[in-house]
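Next, two complexes with chain A in common: one pairs it with chain B, the other with chain C.
Presenting the complex of A and B:
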């Protein structure tokens, strides 16, 4: 074995897990596809790009400095394509394929964006809220000059602020929630004064610009000939269903829209560990003990990939998982483990009301899914519409994988990461529950990899060819 | 509910489904008992290649007739299963492979497969996508592929249309012999039938065990790779002399790369893990054959379970000593030949003389002599 523990994902959860495990003397390998650690929230600007200081950049820089000073074997800019049992990981990096092995593996793969489809959502100029944050943080670029920011949850304010700061115009913020929904969260928000202050900062900056906010509204359609030119809004009820009421049409050259996040739980799914459906946590999540142990010996999960809890819980959960690895590897006594886990466990508990409140705002609203028109595309890799998913049900498909075989929904290069949650909800409305419908089977590679990189250079004669089948 | 079926088929892959379909069309009252959804094991995850150049010599006559069935799937199945009939090439890159290819193609041609040997230059005219390093190729016009993942949808409609009682998500757990036939135990109750067909793919070994028959079945764990959609890079089915590559591009642009490279798994857990080195080996062969393929990205890789008897020939026929009990499966390249062989068995069950001989399992039972061919 080349390492004691392999960690996949160098965001707040994975990086903290790596640091905690390395401090106990374990040999840690930390993998991420991005060239720098930090994950989504602490994403580093692209090399050569000097962006103004921000709390995210400061948090990220501090974390990157700690990692650089640690014994963690940093494997950044690597595309992990194969993860095998006990555990072997293969990744493509600058020098071709790399293989590492360790008896323990921590999945800290974060979350990805959910967009509940509406007519026009695949038009150029429509991008996700999370994608917009990457554009702003990493590329220092604006999604457009006149941008509508729509959807739900805290990313609305973050994206709107980012756009304003960079000199763009936010035409409007369109929030599925109402002011009352946010107000009800105040007690929970107040448990995190640091974040509340930042929230107030957003409000001030936006207030100065007089950005109109349409509470309790959703996007009915994005319109335009070959790119978005207009965005049509309609009022929604508390469940996210459209209600009768005046529609509003806004002129814009970009629409950033997102309806929360979905845990990137492919790794536990690949190993078929026990999972459970938890709407508040974003969908299917691995069943974990208090320290992030999954039902498979040696496999741990933490951070948003294990269920949405936000950055503060992710840091603490990462430390707990790293310490659990150290304990299970014999590098920490039971007493030392109990002692060292106290602080992160307390931090996680303290952050919980806030993270619950935020996760609640981003949970998928079934009524919103029910409102997707039949002819609207749900799987954009394979162009599968809602009506086609329902036709598969009529043809006898009762779980997501059967529906996938009938329609190709989820068979594209994203492996259903982006449509799986909504397609599951559509099918579940017919079948009865998300549990019955299940998840797409996770398959390697975790991300698409070019054949050219995979095969490297070789001599035909050196390919180890197995014995041919009998004649 | 005390219906007694004329026939209960256990296992809803391509063998069980075809057998149930033709028995029902022949007038029998049929129950099809499937553990999961229809055709989601080997018959739904296989590479869908319908080729003579990977088929065992003894099965060529069957495979040719089965190929014609697939080409006409809309007629007898009511769905085309995405079948494309096209040319097929089996390539040789070295002198040794030339020898192997000449020998193997010759044997298959003797058995009736219309395979010609052509030069590398001629092969390039048939398939402009192949590498110019090809020295010799087996060229067969009876080739093609299906979209295996549509098999379940197609059979589901056809079986319901034929009046088969389709019991999906219903694992069978044993069989009791009764005076008037068989009682199949399932999670949701007993299904009684005058006749049974065991069509459980790699699981026919435990199924036969229910009836006291010991027939060892080897489980192969075949790996497959599919690319994302790419511009056309090939138009034929391409393999290599030793059979360890199967390659074709679907009309929607994805390329499926297979050839029987083995992953990790077993009957109990399924295909649990792919071997990265073997994915790389398989991909190298593929790109060696079709160089333009290297620009594509791998979208997905998976493994499925294929059954093999000791002599790698089918287990398809009556079960010795147990009247009215039959087994159907373990057909090499069974997606290609399965429909024809299962239909022969349905003929036999319906009391007709099968047009070609079946493959009874007597040859495989209680004797060390496992090398005999079909009876």
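Presenting the complex of A and C:
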């Protein structure tokens, strides 16, 4: 064994788990695909790029400084493509493939974006809302010059403000929710006054720029030949279904759109740990104890990849999982474990009303899925439409894996990450429940990697050929 | 399009054989988008235009060839002299 614990994902959850475990003396390896720690929420600006100060940058810089000063073995810029039993991890890094082994593994792989499909969502120039935050926070780039910001949840205001600050034009904000939906959340939001103040600040800055806000509207279609040129909106009801009412067409060179996040829980799924469907938490999530232990000995999960709870809970859950590892490895006594977990457990509990409210705004709305036109592509990788998914049901497919085998939906290079949740919802409307439909089976490679990169400088001549048997 | 300088050196890369000015260290997606190159590949079945979508290495829509190897443009910083090819279907 090369390490005591391997942690996958260096965002708020994984980095805090690494620090908590390393402080008890454990030998920790921390992997991430990005070149710097911080995850998506605390993403570092690219080297050489001076971006204005922000709370996210400050939070990320503090975390990166603590990691640099710790004993954590940082393995950044690595694409982890295989995790095997008890636990052997293979990752592709700048120097080729590398392998580590440890008896414990913490999955802190974060979330990815959910976009409920509409005609034209595959056009160049249409990107995710979380994607837009990466451009603004890390790449120092605008999604376009004239941008429509659409979808639901707190990222709408954050992205619109970021675009205005960087000198772009927000053509309109299009929110599935109405002002009343946000007002109802105020008591829960007020439990985090600092974040509520920031939200109000966003509203003020946007108000000054007179950005039109279309509440209770959704994107009906993105139009254009080779890239998005126009965005058509229509009113929706409280459930997210389109209603009769005047449509609005806006000229734009970019559309950022997102309908919440989906937990990236492929590691627990790969190890077939117990799962449960939790709509508010973003979909299928691993069943965990209070400290992040999954149903498999030695495997832990924390952060948004284990169910959407946001950054405040992720930090605390990371610390708890790191401490649980230390305790289970014998590096912390039961008494020390009980003492040290008190503060993070309290922090997680305190953050819960706020995170529940935000997660609720971003949960998948079934009526929105029901409104996807039949000829609209659901699986971007393999160009599989809603009608083809439903035809697979008519042909006898009763769960997500059968449907995948009938249609190739989910079989492409994103490995079902972008279609899985919506395709599951489409099938569940016929079959009866998401639990019956299940999830795509997780298999290695966890991410696609070029075979040439794994081969390195080996070629055919390096394959040892045994001597022929004597005749 | 006029480029504001941001302190990073301007370098030349090639895209489908044509020279393109970019800033060292910026994401390849940013350099391509500045020149209006949003279409990075076409979908395998419908041949529909596709471009960067998730910008965080998940969706694979921005996969193209860099110096002969398949790379995600959203994870690839610009280096002087890199040869980028959009070969259609990936």
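Criterion: the second predicted complex is superposed on the first by the 458 of 471 C-alpha atoms of A that agree within 3 Å, B and C clash if a C-alpha of one lies under 4 Å from a C-alpha of the other, contacts with A are read in each partner's own complex, and residues count from 1 in each chain.
Heads up, the rule we're going with is that contacts are C-beta pairs under 8 Å (C-beta built on N, C-alpha and C of every residue); 3 or more make two chains touch, one makes a residue touch a chain.
Computed from a predicted structure; not experimentally measured.
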Ask   = Should A:134 be classified as contacting the first partner (chain B), the second (chain C), both, or neither?
value = second
Could you tell me if A:112 is touching chain B, chain C, both of them or neither one (first, second, both, neither)?
second
Chain B versus chain C as contact partner of A:251, first or second or both or neither
neither
Taking the superposition on A as described, I'd like to know which of chain B and chain C A:443 touches: first, second, both or neither. first
Report task. Would you sort A:465 into first (chain B), second (chain C), both or neither based on which partner it touches? Result -> first
Exercise for the section: Identify the partner contact of A:398: answer first if only chain B is touched, second if only chain C is, both if each is, neither if none is. Expected result: first
Would you sort A:413 into first (chain B), second (chain C), both or neither based on which partner it touches?
both
Tell me which partner A:339 touches in the superposition: chain B (first), chain C (second), both or neither. neither
Using the superposition on chain A described above, determine whether A:289 touches chain B (first), chain C (second), both, or neither.
neither
Chain B and chain C footprints on chain A meet at residues 412-413, 448, 450, 452
Counting only contacts in the complex, chain C reaches chain A at residues 6-8, 24-27, 29-30, 33, 38-40, 43-46, 48-61, 63, 69-70, 74-75, 77, 90
The residues of chain A that touch chain C in their complex are 33-34, 40, 46-50, 112-113, 122-128, 130-132, 134-135, 139-141, 226-227, 377, 380-383, 412-414, 417-418, 447-448, 450, 452-453
Counting only contacts in the complex, chain A reaches chain B at residues 81-82, 84-85, 88, 90, 97, 99, 272, 392, 395-399, 401-402, 404-406, 408, 411-413, 415, 441, 443-445, 448-452, 454-456, 458, 460-461, 463-466, 468-471
The residues of chain B that touch chain A in their complex are 37-38, 40, 44, 54, 56-57, 93-94, 100, 104, 107, 133, 149-150, 152-153, 156-157, 168-169, 227-229, 242-244, 252, 260-262, 264, 272-277, 279-281, 283-288, 293-302, 312, 332
